[in-house]
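Below you'll find a set of structures to go through.
Shared chain: subunit A. Partners: subunit B in the first complex, subunit C in the second.
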Partner chain A sequence: MEQVASWFLWLYQETGINLPIVYDSFDRKRFAEGFLTTVWLSLVCLVFSVVIGIVGAWLQGSRLVWTRRLVQGYIQFFRNTPPLVQMYFFFFALGNLLPTVENEFGFQQPMLGNFAWAAISLSFFAGAFNVEIFRSGIEAVPKATVEAAEALGYNRLQAYLHVVLPLAFRVCLPALNNNLVNLVKTTTLAYAIAVPELLYVSNQVWSDNVNVPEMMTILLFIYVGLVGILVWAMNRWERAMKVPGYGA
Partner chain B sequence: MTRMMQGLLLAGVLALGLSAGDAQADLAAAKERGKLIVGVKADYKPYGYRDPSGAIVGIEPDLAKDVADKLGLELELVPVVSSNRMQFLEQGKIDLMIATMTDRPDRREVVWIVEPNYYSSGTNVLASKKVGFKQWEDLRDKPICGIQGAFYNKKTQTEYGAEIVAFKGTAEVLTALKQGRCLGFVYDDSFIVSKLGDDEWADFEMPLPTIDDAPWGLAVQLGDQAFHDIMHEMIVNWHKSGRIIELEKKYGVNNTPFALAMHEKHKNM
Partner chain C sequence: MNTAAAWTPDQPMVSIKDVHKSFGELEVLKGVSMDIMKGECVCIIGPSGSGKSTLIRCVNALNDIQAGSITVEGQEVNDPNLDKLALRKKVGMVFQQYNLFPHKTALENIMMAPIHVLKQDKTEVEARAHRLIKKVRLSGKESNYPGELSGGQQQRVAIARSLAMNPDVMLFDEVTAALDPETVKEVLVTIRELAEEGMTCILVTHEMGFAREVANHIYFTDRGIIVEHGPPATFFTDASDPRTQEFLSQIL
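Our next item is the complex of A and B:
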């Protein structure tokens, strides 16, 4: 490790390519933490947005007109507003209306911190798209299949969980894949509310070291890698779930 | 098909050429377009901020105006923030940068900071009186707000152990501070002094000894010798005539020791 660090220091002195995230222990630590924060934020948002999508799509098929309208309103609100604006709105406006709690220093602070708000706003943002994606899958399931399930005595929830959703899932996986890739990239917006994720940390590093091109390059490669892993996993999942003769 | 490809290629080359042309923003280019583009802060009262009509005003915009008048050019102000001001100058989006930038050696490698320094300030903390900070060591493990791109963030973290929560601009930080998302705001003392003048911040104080009192530098692009020489002369004249002191008074800032000392030093030269 020591040798690697000194090699990068030499690289800086010889070529001007400055990568303090390798040779400087403080920058290395905060960059690693930033990476983990990005991964963790992405995972949390992936899971919640998919859950929101599944539940929302089910509620969209409800017999109660107000439930359907509520889901529709949610979709319109989150799909029609920019995620950065949502994040600011949640953090500074809505966050301030919630009750405060006393922190360990004896002062009142808002109940939810910046990470929580980033996770909430990004999950709901991607979730709104996921609802529509799942709806497209559900509508692709033949009516006859649903009727067959009903004939076998399934109620609406059972038919949704055991028959419609598994089939719909296979249809909408490519679209879901796209949206989740977008979600991972959108986590960078969390830097606006000071969540110490990759972009935020890189910004700090390049402000301290004036090495914008190097950090930008590294940042791009890391996101290519992260999204690559996600796409690879989704493709494997798609293949594993393939039902012969059904879907593409 | 090949013709289309050729067209695309040509368009690409043209675009490249144009963008390279934009990067040429030295004094000659400014004179050619008849307009001097200066990067200033727009969120840093009283050094550069927006008045109720939305225009950028303040001490630094006034200085920029002096330069434009001297050169006989029109003035265009471009708002910059700490994390992009040097890049703007490097890329030629601005001809001159007067943006509360602390003069540091590594910055001198990227832009040409003109001597003598035109101003100076140090680092301090804006915190509620109830918090009762007494010394910098009190910040250990406390959430402290900061501005993305400020150089003392790292120092506050490594030397005093504070947990820096950095936002893009001062408006976000001040909101976060009011909402109790952090216990203090580490920033330039000059800014904090100007805030403490507002009734809104009556419950706040600047409790710590100012550290890192450091000179500010205005900068031109590396290699722009002609503009550099003009700016050098301008700054000397500002100190000589007491222009800086006058501007501090105009915008309600207590005269800083630096401005007074520089006036004293230059007035008989």
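Our next item is the complex of A and C:
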């Protein structure tokens, strides 16, 4: 570790390529924390957006017209507005309406912090697309298959969970994959409300060290890696769910 | 529930009385009545579009009816407060296109409903599923997915899947219509065994030879009504209505 650090210091002195996130313990620490914040934010948003997608697609099939309209309204609202504006809306508009709580130092602070608001707004943003993605999968499930489940005594929820959803998943995984990739990349928007994620800490690092080109390059490669891992995992999942004689 | 409790085996197991069913403007069933006793095997034949499939779909409430009454073991199907689960525990159904769950193996297809719907113990259900696989002569195919099975094999899995719920009456909706001639036989053998074991069966079919051999009673429907019915011995030879005669002359 010590040797690696000194090599990067030497690299800086010899070539001018400055990567303090390797040799400087302070920058290393905040960059690592930024990385973990991005990973954590991505995971939280992935899980919640998929849950929103599954629940929303279920509600879309409801017999109650107002439930369907509500889901439709949600989709329209989040699909037709820019995600940055949504995040501002959540953080500055809704955040202000919530009551404040007293923190450990005796000061009043907002009930939800910026990380929570970023997670909420990004989950709802990606969730709106996921509802539509799951709907496309659900519509590809033959009605006759659902009818067979009904004839066996399944109620609507049981048929959804055990028959419709597993089949719909297989159909819509490629589209879901795309949306989740976009979601991971969109987490950089949390920068705008000062969530210390990768882009935000990189900004701090390059402001202190004036090494913008190096940090930009590092950032790009980290996102290539992060999204690469997600795509790899999703593809594995897709293969694991492949059923002989069904689908392609 | 009171009416269901009042049912005794000497009464019709399935009783259809003056059933009317329309899809929008189109009236498909125009007052159909029939009684099926426990252990009987009934075949419904008739030209396509005559309402045969619609009729049996009404028996397990996959379609609702506009007027009339259908009771299964005394339970009224045409009831807005119908307990669908209670009905469907009694009535098994097999479809023309098998409609197996493609993401589950043959064995899992059979096990799913008893576990998910009846909440039965998994090991007990699995043992029963193995017996049923054997019964429909598909031993060795337990872990095959529907996509890996032939049409006739899939249909036999579908029959086993239905039987796993221990129904009192089985509905067969043109179950051999999508099969090639060689595999029709293996499915019919399975159904015949069921009928011989005393399972109450209602079949919509175009297999006249099978109907003649296995059915206790044959109904001929055309344009939403029952034109003629009788036991096979007399039905095929003594058909009196010209529509029945014409149909039989075309098909036999």
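Brief remarks on what is shown
Heads up, the rule we're going with is that the second predicted complex is superposed on the first by the 248 of 248 C-alpha atoms of A that agree within 3 Å, B and C clash if a C-alpha of one lies under 4 Å from a C-alpha of the other, contacts with A are read in each partner's own complex, and residues count from 1 in each chain.
FYI, a contact is a pair of C-beta atoms (placed from the backbone, for glycine too) under 8 Å apart; a residue touches a chain by one contact, two chains touch by 3 or more.
Please read all numbers here as calculations on a predicted model, not as lab measurements.
Superposition of the two complexes onto subunit A shows subunit B and subunit C fitting side by side, with no clash. By the touch criterion defined above, A:136 lies against neither subunit B nor subunit C after alignment on the C-alpha atoms of chain A. Of the two partner chains placed around the shared chain by superposition, subunit B is the only one that A:110 touches, whereas subunit C remains out of contact.
In the superposition on chain A, A:178 makes contact with neither subunit B nor subunit C.
After superposing the two complexes on chain A, the angle subtended at the C-alpha centre of subunit A by the centres of subunit B and subunit C comes to 160 degrees, rounded to the nearest 10.
Legend: residue contacts after superposition of the two complexes on their common chain; A:244 is shown touching subunit C, with no touch to subunit B.
Once the two complexes are laid over each other on the shared chain, residue contacts for A:200 go to subunit B alone; subunit C is not touched.
Superposition on chain A leaves subunit B and subunit C with their closest Cα atoms 45 Å from each other.
Those residues of subunit B that touch subunit A in the complex are listed here as 82-83, 86-87, 106-107, 109-110, 128, 130-131, 142, 145, 148-151, 153-154, 157-158, 165-168, 172, 175-176, 179-181, 183. Interface of subunit A with subunit B (complex): residues 26, 92, 95-96, 100, 103, 105, 107-110, 113-114, 191-194, 200, 203-204, 206-210, 212. Only residues 142, 144-145, 147-155, 158, 162-163, 166-167, 170, 241, 243-246 of subunit A touch subunit C when the two sit together in their complex. Against subunit A, in their complex, subunit C makes its touches with residues 60, 62, 84-85, 88-89, 91-93, 95, 97, 99-103, 112-113, 116-118, 144-148, 158, 161-162, 165.
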